[in-house]
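Going in written order, the chains are labelled A, B, C and D, and every chain counts its residues from 1.
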Amino acid sequence: MSVDMRTYLGHVELANPIVTAAGCAGSGAELAQFFDLGRIGALTTRSITMAPRAGRPTPRMTETPSGLLNGVGLQGPGVDAFLTRELPWLAQRNIRTVVSIGGGTVAEYAALARRLNDAPGVTALEVNLSCPNIEDRGRVFARDGAASAEVIAAVRAVMRYDVPVVAKLSPDTADIVSVARACATSGADALSMINNPLGMSIDTETMLPALAAGTGGLSGPAIRPLAVRCVWQVRAALPDVPIIGMGGVLTGRDAFELILAGACVVAVGTALFHDPSSCLRILRELEEIVAARGYQRLADVIGLAHRPPGATARHRTDFEESSL
Amino acid sequence: MSVDMRTYLGHVELANPIVTAAGCAGSGAELAQFFDLGRIGALTTRSITMAPRAGRPTPRMTETPSGLLNGVGLQGPGVDAFLTRELPWLAQRNIRTVVSIGGGTVAEYAALARRLNDAPGVTALEVNLSCPNIEDRGRVFARDGAASAEVIAAVRAVMRYDVPVVAKLSPDTADIVSVARACATSGADALSMINNPLGMSIDTETMLPALAAGTGGLSGPAIRPLAVRCVWQVRAALPDVPIIGMGGVLTGRDAFELILAGACVVAVGTALFHDPSSCLRILRELEEIVAARGYQRLADVIGLAHRPPGATARHRTDFEESSL
Amino acid sequence: MLTTRQVDAYHALTVVAPRIAEGFRPGHFLGVAVGGPHTSMLTRRAFFIHDVKPDYGGTVEFVFAVDGPGTAWLAGRRARDTLDLVGPLGRPFPLPRDPVTCVMVGDEYGSAMLFTVADALQRRGCRVDFVLGGASADRVFGAMRARRMAETTTLTTEDGSLGMRGRVTDVLPGVIADVRADVVYASGPMETLRRATAVAVEFDIPIQVAVEERMACGIGVCMTCVLPVIGDDGVTRMVRACVEGPVFRGERVRFDDVGTIPFDALGAPGGGSRNVS
Amino acid sequence: MLTTRQVDAYHALTVVAPRIAEGFRPGHFLGVAVGGPHTSMLTRRAFFIHDVKPDYGGTVEFVFAVDGPGTAWLAGRRARDTLDLVGPLGRPFPLPRDPVTCVMVGDEYGSAMLFTVADALQRRGCRVDFVLGGASADRVFGAMRARRMAETTTLTTEDGSLGMRGRVTDVLPGVIADVRADVVYASGPMETLRRATAVAVEFDIPIQVAVEERMACGIGVCMTCVLPVIGDDGVTRMVRACVEGPVFRGERVRFDDVGTIPFDALGAPGGGSRNVS
């Protein structure tokens, strides 16, 4: 039995809910050797910055239990090269593309949005708020609702209305719901969570930090419980705002977990490093799980775990009856 | 070669740095069947509350990748039964005991400290700040420096001067350093970190939260990178405040990692569920590692990873020379 | 070091573990580490001990059904692999002083732990009768052994593929009446224990049940495995199945309230204590 | 499906993998999943392909030293276990058009990947000479095979237990001079590649090096494995060893700056771009 896997980011329809996570799919061309990128919901780019960035020194990555710690430091070609080389490559192939942007000031985010405004092939704009605010002693925007809201408002103001603006949140905050609410209020059409919580690992042989950058972002299944919790809390507080859920998704079961918590789109990051074509496998597994639970439409299971414990799930047959 | 493993929590000497983590060692008697509790640095009690507590409904625990999610809800006998039954049992056996307390208001924490003030056998008082503040819409104290500082000041004011007060911090905050600083300023003699970050897991069969409580605390190796980062950041900012490090310690290597980051005491929690006598194994492994690196004193490796990358570690032989 | 065999729907693993074998009493269980080194699975899995033998200084055997990743991993073990065990754990069955008549009720893999109990009872001169069941014939464990040792053995399956169609608790009243049972020993899913207890209460005879609650430590330190049990003083407490059980007197277990904190339990929210966390 | 053998200090695993064998070119590497299902180890380990054979539709063999938990797990695999591989990965060695004289420099397990290169060179009529080394005799890989195929083979060990005492790069100048080498192919630790490149530069002959940088994905998407390499345009970029390498022209790699972002690299902090994260 086939399932209608279509989903929506604001008014933008995606063929299915599986997308790549920012910074985990290279420029797209690398993954295209392993599977047809047109078959997933969308590809998310790395966070594009104004200038080219060489990133952090190596070592940049270390393994932790069921996790990965990375200190890449947003290495990338800068917005000019992105617009002349990477985005056209994706657009020519009709690959749905969520463009992620990263900046050091509110003005820089706005400038990036302005540059992307007329570019063909931008399905949605994801604002990576986990960047240090160089005007506030390097405090990360995402920590705090007001700083995040300021960035979102500035980006929303310049970005064309038909491109959804997605605010990407971090779990490293006292209250993710208040940050989410601030972003939604200031114009975010959708929210995306979670970015990597800050972690660290020390090499007990050299007795020094394992990453050249010292601290790094933690990803992978280790953080999935944090991701599920964040999606759950934000969905409970803001049931009408679409959520892109991510964090440690390796299988269709994991994607389904985030969908039950309230995500309508699920991004796959670290799993791509292990299995380059994992997106398609996860999509297939997810579809099988949804079908096995008796549903014909993905839309019917989004946030389903929020129903009261006693209530039975709205079942395919119930649905058929009610549609008569 | 034997290593001098003594360490200090303020002016209180512990024979070695390995202690149990709050809420993970029952009343002590359960573990005593597996090893001699007198051989570890100290036992930490579960968080003692004013009234007896039945805790949360079951299911209370679920496994996550390299982690454990628990929603026990501080089940415990209450302070009266603790003082008449559990503490004397430990005191009679000369088991060093860190008593953890949990409350719903500043006044309740202070009242608990007052009850414990004259009790014999309290080596240190650990204040579990990850409890909801019932006077502030259930916001957890540990989220925020001001709320944490208020609790610590109240407890420090009533607790006898020779019992160190330890503030136990949570990673679920925008800035752990500012919470740590607020606690130290208001009288904490030491800091303990990290308590469980809030997580969640959904049972994809029932399509409902896996824990009866919905959300739960994440523990185990999955969170070790968060623990190392918190200890590192706080040690860098407050180099003179003793730190009890915890979070996912399974082996002597893991304990050594937290010590290199800046902890002078390391607590073992979840590992006890897998291996009841893990504390002694970890202690032995840690001692071997410290010796293998050429050090004779634990004190010489605490925070060692903070040295500048180029600098060579202060080596045993250097130490011998400098002590001539 | 172990040997492995498949018994219908179940796997049986025998492990050389002299210290566990030595301390064993009927009703004890094991904590088994799963997944091998660097696994992402942290908690031990609990299994009742099925049998203990003196070979190689002492072996223990347990029987299990594949349920999730941990039991799937165990099912993949081969002869001579090693296994990391903690045990024996739990409070064993209390045995009667007098030579009474005992009905052993086992459902699904729950049956496996009853045979050492039955042995011990027979050694004390008790009469033993078995009622064993499962969803289908391949899920009824130990029917042959029961037939060899018991006065009577009654089998049930839900699909009728073996013995009577139905549940063990459907036939239990008849068996109790026929054999004039003095006491019931039961092991199986919570629902089976609940029904068996109701039957025993009806007949006004004591029942000992071995409960199965989700466990993380098995040694009493994590507070995962609690259920509401009425104490000698009449007060309901959330007690740990791993150290205060897994064996309880059936009528003391508040089966209908399992999975809740009954409002009258010691320390229940609202029951005079405040809800701190 | 695999077979396994121990070669002195190394383990060699042969895996049936027709698609990888078919796409293989000398210099390619594999990404190998370690730890089995439900492992806590997420990243694939990278290994150079040592050999490819047509048996069973195509097999690949790789050689490794036990270093940490992933390689320890691999060393514990037994015949007929299955292994999860991705490959072939990386940019292979460019081969010269003309029949030139080539010196193959291999240090430790780095030697293992040179034999298929040497084969391909010989098939093009090149003369091949080997310089192989390691810390001790048991860590010099492939000496026999080198002796069989090469015009000359020079061995070094740091402890003098085999061949000359010292490093491969100590004897390299002599070999280059003796055989009048046209080009060097080198594989081994970064320090060895750095020194070998210095020697080649000294002799003003080209050198192709296969670098080994920590990798997480092996397919170019994670940006873990970068090192500063000078492009055709003279600009230094932080390029990915896994897709832009692992084979580079030695003199293009800024060995002294590996582990740093050289101030003049494209996008370096302060180099006109702001440091955003």
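The criterion applied here is as follows: a residue touches a chain if its C-beta (ideal position, glycine included) is under 8 Å from a C-beta of that chain, and two chains touch if they have at least 3 such contacts.
Which chain is which protein? Per UniProt: A, B = Dihydroorotate dehydrogenase; C, D = Dihydroorotate dehydrogenase B (NAD(+)), electron transfer subunit.
Small disclaimer: the values here were computed from a predicted structure and weren't measured.
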| item | value |
| --- | --- |
| Relative to subunit A (Dihydroorotate dehydrogenase), chain with the most remote C-alpha centre | C |
| Chain centre separation in whole Å, for subunit D relative to subunit A (Dihydroorotate dehydrogenase) (CA means) | 36 |
| Computed distance of Cα centres, subunit D from subunit C, in Å | 57 |
| Distance from the mean Cα position of subunit D to that of subunit B (Dihydroorotate dehydrogenase), given in whole angstrom | 46 |
| Residue list for subunit B (Dihydroorotate dehydrogenase), restricted to those that touch at least two other chains | 65-67, 220-221 |
| Where subunit D touches two or more other chains at once, by residue number | 40-41 |
| Pairwise touch network: line, ring, star, complete, or other | complete |
| Residues of subunit B (Dihydroorotate dehydrogenase) touching subunit A (Dihydroorotate dehydrogenase) in the complex | 64-67, 69, 139, 143-144, 171-175, 197-202, 204, 207-209, 214-215, 218, 220-226, 228-229, 232-233, 248, 253, 256-257, 260-261, 289, 293, 301, 304-305, 307, 309, 313 |
| Contact footprint of subunit B (Dihydroorotate dehydrogenase) on subunit D as seen in their complex | 40 |
| Complex interface listing, subunit D residues touching subunit A (Dihydroorotate dehydrogenase) | 33, 40-44, 86, 213-214, 216-217, 219-227, 237-238, 243, 258-261, 265-269, 271-277 |
| Residue ranges of subunit D touching subunit C (in the complex, touch as defined) | 35-41, 69, 73 |
| Contact footprint of subunit D on subunit B (Dihydroorotate dehydrogenase) as seen in their complex | 65-66, 221 |
